[in-house]
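This structure is in structure tokens; I'll ask about it shortly.
Chain naming follows the written order as A, B and C, and within any one chain the residues start at number 1.
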Amino acid sequence: MQITWLGHSGFRIEIEDAVLLIDPWLTGNPSFPQERRAEAIDGATHICLTHGHGDHASDARKIGAELDIPIACIHEIAEIWGDGTLGFGKGGTLDLNGAKVTMVNATHSSSLDFGDSGPRYAGGEAGFMIAGDSHVIYVSGDTDIMADMDWMGDYHKPDIGILACGGHFTMDMDRAAYAAKRYFDFKTVIPCHFGTFDLLAQSVEPLAAALPGVDVRTPKVLEPMTF
Amino acid sequence: MQITWLGHSGFRIEIEDAVLLIDPWLTGNPSFPQERRAEAIDGATHICLTHGHGDHASDARKIGAELDIPIACIHEIAEIWGDGTLGFGKGGTLDLNGAKVTMVNATHSSSLDFGDSGPRYAGGEAGFMIAGDSHVIYVSGDTDIMADMDWMGDYHKPDIGILACGGHFTMDMDRAAYAAKRYFDFKTVIPCHFGTFDLLAQSVEPLAAALPGVDVRTPKVLEPMTF
Amino acid sequence: MQITWLGHSGFRIEIEDAVLLIDPWLTGNPSFPQERRAEAIDGATHICLTHGHGDHASDARKIGAELDIPIACIHEIAEIWGDGTLGFGKGGTLDLNGAKVTMVNATHSSSLDFGDSGPRYAGGEAGFMIAGDSHVIYVSGDTDIMADMDWMGDYHKPDIGILACGGHFTMDMDRAAYAAKRYFDFKTVIPCHFGTFDLLAQSVEPLAAALPGVDVRTPKVLEPMTF
């Protein structure tokens, strides 16, 4: 099983017979080297979106059409976009080439940007629990700490946490450390949604310091992590 | 006190001096025998909507107008529909002919379908606690497991749980069993939002097996359950 | 540090070098004496909005433009209004003249009223934790009881709680008492969002009776409380 950061909240996860692109925002992402786009999406089988904001969802339809692969997303985004989507809801599980992807709660907001007419409701914001190859990966999506993380930890028992840690719009490193310590028993934590802009500047050090015994990674764009 | 399933998430609840139609989706509901529509809505005093999705809310205005009864729903749906609605919010309680109906949280999404212009924000998704005739009924609405179920169970002490159990868009039987076991002390559990479509095919058996000592019903459409 | 009620959910908070106007709904607010508008907003440095409903947000742009001060609010409201806003998200913290304002979760709904075209999605509903001058103030915003209040209490340790207590759309006094007792260790509680309309008529007495040892205030409009 392999997890590769695409910068910001984007990840390529190779698990079971699936190659999942999570929130693959490449175009305009300052952390992503545009010239390496082809290898980032090569062979992907599905796109999974946590919510509709542009820094997560704005490349999804283009990549989906290019590779002819479906976009797994909440009901409203599926309704708005139509063809090429797999709509589901919080608590629901999709089997994507053997990977079991469950949509779970997040506390943030979610809209699609319609340019001149502004943001439009895109269903609730979400996270994912992705199970396969003897691992369970928690993709927090954009969220603050949640009491729901308690049952999520107990019910899904994720060993890998991909957590939004950049502050300003989501948890920062300190809040993510609190969430990880209180609600989960992660072996590995991968911070994301940080460093993309000045606004999201954060050092991974306090997160690592707060989680002794946990393998807290400083992900590097397009360098695969194997589990 | 009588609870009658109308298929999917629709229920007719006769409690105190009220006859409540909860999410009464009849037109186009594959589980509902259209020729028995008249008896399903006969004498109803109020409609209560958990959220705006078509499989819950698409018949509400028609039935409301036909019977000249109000629709209790969240503020935004009341604003959009105007006349004939009783808008309230999460934490608020309405006295409907002696039945106390409190709106509580759910984690899902909520929109009204505006056809060509697509889904439109319809306020937050919700559930209900309905108290009367010495019972408290928890209507979960479409939701996943929630940490909020902990205080809901403690504060409202429902003895009957009507739980969304069909998976894909909401909890499945296994998640509903976890929620019921961990957060509530139900005497009776009535699963719903299952069996309507192939996508929601679920057997009640694992729910019953997971809740020994709880009267887990397999509801039959239009067969009243008396409490 | 000074907290002054402006009626309904409006507060003027003088903390560190900031004068924050929280949900300052003055125009049309039956609890607010219109002739005292100037003193209510005098010297304000920022406006903070919990959500988009008219009884919270309808005066914000006018006051913001008049005083040339920014409006701190969730991403979607900032997108819709543009200039003069500071958009952030749940879990994010702004430093407003030394006051640290963190956006936290609420369970309600949020829309902006677009008149003939009706309510429009305005991002998620929120509350605030405001830290400064050796105090932490929890502004609940419109919300029901939340399991999230547990980690909020533990993480932020607020000593002052400004709680929505009017019922119908939010917690009533009894629910607010439950929330305060179970999840927080407040020294002072200030109820709000009550008394504005007949629908929100509530006595503070049951809240005070339920919280022995807590200084439960009955706020008076435009009478500063000093901490």
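Basically, a residue touches a chain if its C-beta (ideal position, glycine included) is under 8 Å from a C-beta of that chain, and two chains touch if they have at least 3 such contacts.
All figures in this text were calculated on a predicted structure; none of them were measured in a lab.
Engineer: For this assembly, give the contact graph shape among line, ring, star, complete and other.
Structural biologist: Topology of the interface graph: complete, with all chain pairs in contact.
Engineer: Through what angle, between 0 and 180°, must chain A be rotated so its C-alpha atoms fit those of chain C, rounded to a multiple of 5?
Structural biologist: The two chains, chain A and chain C, differ by a rotation of 120 degrees.
Engineer: Per the centroid of Cα atoms for each chain, what is the distance between chain A and chain B, given in Å?
Structural biologist: Computed value for the inter-centroid distance: 32 Å.
Engineer: I need the residues of chain A touching at least two other chains; which ones are they?
Structural biologist: If we look for residues of chain A contacting two or more partner chains, we find 121, 146-148.
Engineer: In the complex, go through chain C and note every residue touching chain B.
Structural biologist: 53, 107-109, 111, 113, 118-121, 125, 142-148, 164, 167-172, 175, 178, 182
Engineer: Quick one: which bits of chain C touch chain A in the complex? Just the residue numbers, please.
Structural biologist: Interface residues on chain C, with respect to chain A: 74-76, 79-80, 88-93, 103-105, 121, 123-124, 146-148, 150-151, 155.
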